[in-house]
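Each in structure tokens, the structures are laid out below.
One chain, subunit A, links the two complexes that follow: it is found with subunit B in the first and with subunit C in the second.
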Partner chain A sequence: MYAYDEIDRTLVNERVSEFRDQVKRRLSGELTEDEFKMLRLQNGVYLQLHAYMFRVAIPYGTLASNQLRQLAHVARKYDRGYGHFTTRQNIQFNWIKLSDLPDALADLAEVGIHAMQTSGNNMRNVTSDQWAGVAPGEIEDPRIWSELIRQHTTLHPEFSFLPRKFKIAITASDHDRAAIKVHDIGLRLIKNEKGETGFEVLVGGGLGRTPFIGKTIKHFVHGRDLLSYIEAILRVYNQYGRRDNIYKARIKILVHELGIEKFSREVEEEWQQIRHSSLQIDDEVIEDIRSRFIYPSYEKLPHMPDELRQAAADPDFEAWRKNSVAAHKNPGYAIVTISLKPIGAPPGDATAEQMDALADLADKYSFGEIRVGHEQNLALPHVAKRDLPALWKALDKLGLATPNVNLITDIIACPGLDYCSLANARSIPIAQELTRRFANHELANLIGRLHINISGCINACGHHHVGHIGILGVEKNGEEVYQITIGGRADESAALGNLIGPGVKFHEVADVIEDIVEAYLALRERPDELFVDTVKRLGVEPFKERVYATR
Partner chain B sequence: MPLVNGGKIADDSFVKLAVDTPLPEGGDILVPAERFLGDADALLGRGGKIGVIWPNNRDIAELVPYLGRIAVVALVFPSFRDGRAYSQARLLRERYNYRGELRATGQVLRDQFVFMLRAGFDSFEVKKQADAEAFMATAKRYSVFYQPTGDGRITALHRRMQLRHSEGIGT
Partner chain C sequence: MTSPLQQKLKINGSSVVTANRTWDGIVVYRTAAKGWSADLAEAAIVRTPDEAKALLAEAVADDVGAIGPYIAPVQVDDTGKILPGNLREQIRRDGVTIDLPV
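And then the complex of A and B:
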């Protein structure tokens, strides 16, 4: 946990009072909607189909229990009693009133939460591995650097009106849970031969209308140069990124049009001018930020306590443990993923009651800490293994122990046409139907790891390009049509999926997915060959043949 | 359109000339970049101060040879959403050490004043009278700044280091 100091608190409070003034001027008519739009977007407020939507940042996915309780409070007091966790470590409230927003922000500011730059053409919430600080084998905690970047990018005077939105993600593990290759800047924390911390820097990844996997622009940027290097990238982008066409304005298009060599030369030239400036970070600054991260005092506990051994006799517990519990760097502890994907429900939603109860469980079992991952699930990062059976029982009572983490019903989906004014097609009902089709745990388990990602329009908020199976809803002659891709992935081997064939209608989607899965079960070499590996080995053709043979 | 200069609403002594407006005898003038570069010596040689209106898509480095002799650089925000002039402003102040008046023109609104001040602007052609009148109050809205720019405001990281060291003295 990062604990705000007086300086951070002051800034957030100043931002709240500024926004209060902006809302007042909008309500009095002093500001036009056109002028206000960008101001509200810079504070995470969208106008959706039915109401304003309010997106709150959860920087690098780390929450304290009192913060989660305050999110529950906002859901209850200003919204309809629930929140929706997104693919970028944010939470959204869908039914908020404009006149209530300043108070909601003030309530959140009390616990050090803000909504700055959760939308708009600026630097968005910095995201990271939801297992940061606890994953075995991690090089070091990437959240120290994430926090440094969070501060540096907050209300940046030069880069608050970029050509388009700009997203940064950081990982410090070999297995990339932060999807850094599909971000505008992806940072992979590494050590050089002297053991010093630095970053491999990737640039120009992104999904949306024109998806690209990020390219390495520099193999090693020393930690002390991280801010100046990011600033150099942003300065080149701010000046040369396209502003004539919103669909060509992301940095990925600039990188693509210039080519990575030319783009990196431009950045290098700019960086040489500013790397020895006040942007250089000395160790003391990093240590100061590190000192405000609070780490648990772990006990020395057994790797296989009796409680766990006994609970293993219960097949329901075992089913949950096998997909929800992951290894922790400390062998007496575990990381517990909490599925927000119950069968038949919208992915990523949590009620105020669930949030409150989860905050209590975090206090009891996880040193008061909760994590939010881009898969739209939560996690308790420090659970003593002996507590796993008790925690499971408590989660099960709350409807938070669906044993489907990483299985086919652990679906990522955007809000789609049910909420979003940009959407062309529904996403949530597709996800709901698929979870019903694959509700049988034995079947889901037999299929194994398989990620389905659904977007209701080309903007790709549901990350369909990088789903093992991707579903994209479009509109064709007034009808919802879904294009299906296979073979995408968002991890360290990130790849874009390939189209399997012509689009299908709303009511056919679940059947087609069932056919794809059946084909996979017949085609896989061995039970542990993952879907995405079978697709890689065989290509799209054999799947296409089976799916379209009878259509 | 009111001009805010030195934190207050002020008279503007400069007359803006288009590319083809005849040159007045004396007085202070603001001329477009193209005209300035085409006739720099003559313009700099006449009586009266000279300022240049620089578009946000032209390399500001072209102006560097003249910076010591011009009184105003006016950068342009065609829309407040177009942030290119913030980079130009910082380059002028921090890289090229320009110390003359740096004016924000175009769609200049209250809610961008703090960003503009931090980027190095010190005069503002403000679109709305009410925004111009609210300038001083708006400029004081923030007391905490995370990024170092050339504006001299102390950054959060730096202030923390100072606090640390002052605490360290007593122990």
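And then the complex of A and C:
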């Protein structure tokens, strides 16, 4: 948990009253939509098909229970009683009225939540591992550095008018849960031989129309130089970045066009000039931020308590535990992932009642803290192992204990044509149908880890390029058609998937995915060879044959 | 359904002008009475590019009423009933094709 200081609070409150005034002037006609559009985007307000959409930042995915309750309140009072957790550690409300937005923002500001940097061509909300601070083997809490970058770049003029939006992600674990290779800048926290903290810096990753996996630009940047190095990257980007063509304005295109060698030389030159400036970070600054992160006072608890031993006799509990419970750096505790992917439901949605109940469970079992991950699930980061059985029962009552985390029904999907004005095709009904096809838990378990990602257009909000199976909706002669890729992944071995062949129609998608999965089950060498590894070993061909032989 | 905001003005058959109402964002259609209605049945129908352009120009001028106006295809059946011309417009008229969580 992070305690905001006075400066942040004042800033957030000022933004709310500023926006209240802007909305008033918009509704009276004093501001035209052209003038207002940028102002609303700066406050997270988009227009979708049926209504305005309001995107709220959850910095590094860390939420306090009172904040989650306030999100529930906003969902209930100004929206239709639910919210949608996204792949960028945001929550979105889909039905909000412009005239209610200032009040909604004010209510959120009461608990230190805001919508700054969730849209527009600026530095976006810095994302991080949702298990930051609790993952075993983590080198250091990456959120301290996310926060440093956030403070430095929030509303900084140089970062508010970039050629395009800009996204940074940080991880400090071997297993990359923050997808750093598909961000504009990816940072991997590491230690050098002297034991000093620094970062491997990757640049130029991104999905969308032209997907790229980020490349390492520097193997070690000392922690104290992090801001100057990022600034150097941004200066080179600002200098060359194409503002004339939004499709070419992202840093990934620039890195691709200049080449990583030339790009890194330019950055290096720029960096040498500013490295020893005021951008150098004092240890005190880091310590000050560190001191604002409040860590729970853990008890010394048994690694294998009786409660857990007894509950293991219940196969339903075991099925849930195996998928949803992960090791914690403190052996008496566990990290519990809360699946927002019930069979047949839209991925990532949570009702106001669920949010309230979850806030209560967080108070009771997780030191009042909740995490939001990029897989559109939530987590309770500090659950004593002895409490797992009781927590499971409570979650099950709320419909929040679907035992499918990381399995084929744990699907990431963007809003698609049901909500989004940019969409070519629907995403959510495809996800829903797939969860029904693979609803059988034994089958899903037999298949093992398999990530399906669905986007309703080339903007790739559903990260389809890096799904083990990626589904992209396109439009052909007025009909929804879906292109299917396999072999993508978003982790430390990030890769883009390969197309298996011509697009298929809406009603065929689930059949095709079933064919692909059957082919995998027949082709894998061992039960623990993951789908992506089988695809890597054999290539696309055998899957393609299977899918198109009869079509 | 390439977003109509990215399309050129080309109309074949009957069309309407649609937008989102400024204060609450709901889907509205331009009426013959120079207003906006949430009911597609009340939309003004245009059949030629010139008519469409004129209706769109009038809608664009009413920036306080509704935002992002564009020309959308419709079908008018034998009884004169106006139907959405594609899936996107059908979803805009009828709402999401899925059950909401609440």
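We take it that the second predicted complex is superposed on the first by the 551 of 551 C-alpha atoms of A that agree within 3 Å, B and C clash if a C-alpha of one lies under 4 Å from a C-alpha of the other, contacts with A are read in each partner's own complex, and residues count from 1 in each chain.
Keep this in mind: a contact is a pair of C-beta atoms (placed from the backbone, for glycine too) under 8 Å apart; a residue touches a chain by one contact, two chains touch by 3 or more.
Remember, predicted model here, so these are calculated numbers, not experimental data.
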Contacts of A:A425 with subunit B and subunit C, given as first, second, both or neither: second
Which superposed partner A:E284 touches (first subunit B, second subunit C, both, neither): first
Partner chain in contact with A:E475 - subunit B first, subunit C second, else both or neither: second
Partner chain in contact with A:Y82 - subunit B first, subunit C second, else both or neither: second
First, second, both or neither for A:P502, with subunit B first and subunit C second: neither
Subunit B versus subunit C as contact partner of A:L27, first or second or both or neither: second
Partner chain(s) touched by A:G137 [first = subunit B, second = subunit C, both, neither]: neither
Touched partner set for A:K97, first subunit B, second subunit C, both or neither: second
Subunit A positions touched by subunit B in one structure and by subunit C in the second: none
Footprint of subunit A on subunit B - complex, ascending: 80-84, 86-87, 90, 95, 109, 111, 114-116, 118-119, 130, 141-149, 155-157, 159-161, 164
Contact set on subunit A toward subunit B in their complex: 5, 7-8, 10-11, 14, 17-18, 22, 30, 35, 38-39, 121, 151-152, 154-162, 235, 238-239, 243, 273, 277-279, 281, 284-285, 288
Touch list for subunit A against partner subunit C, complex: 26-29, 32-33, 47-52, 80-82, 96-99, 345-346, 349-352, 417-419, 421-426, 428-429, 432, 475, 478, 480
Parts of subunit C lying in touch with subunit A, wherever the complex brings them together: 1-3, 5, 20, 22-27, 63-64, 67-68, 86-88, 91-92, 95-98, 100-102
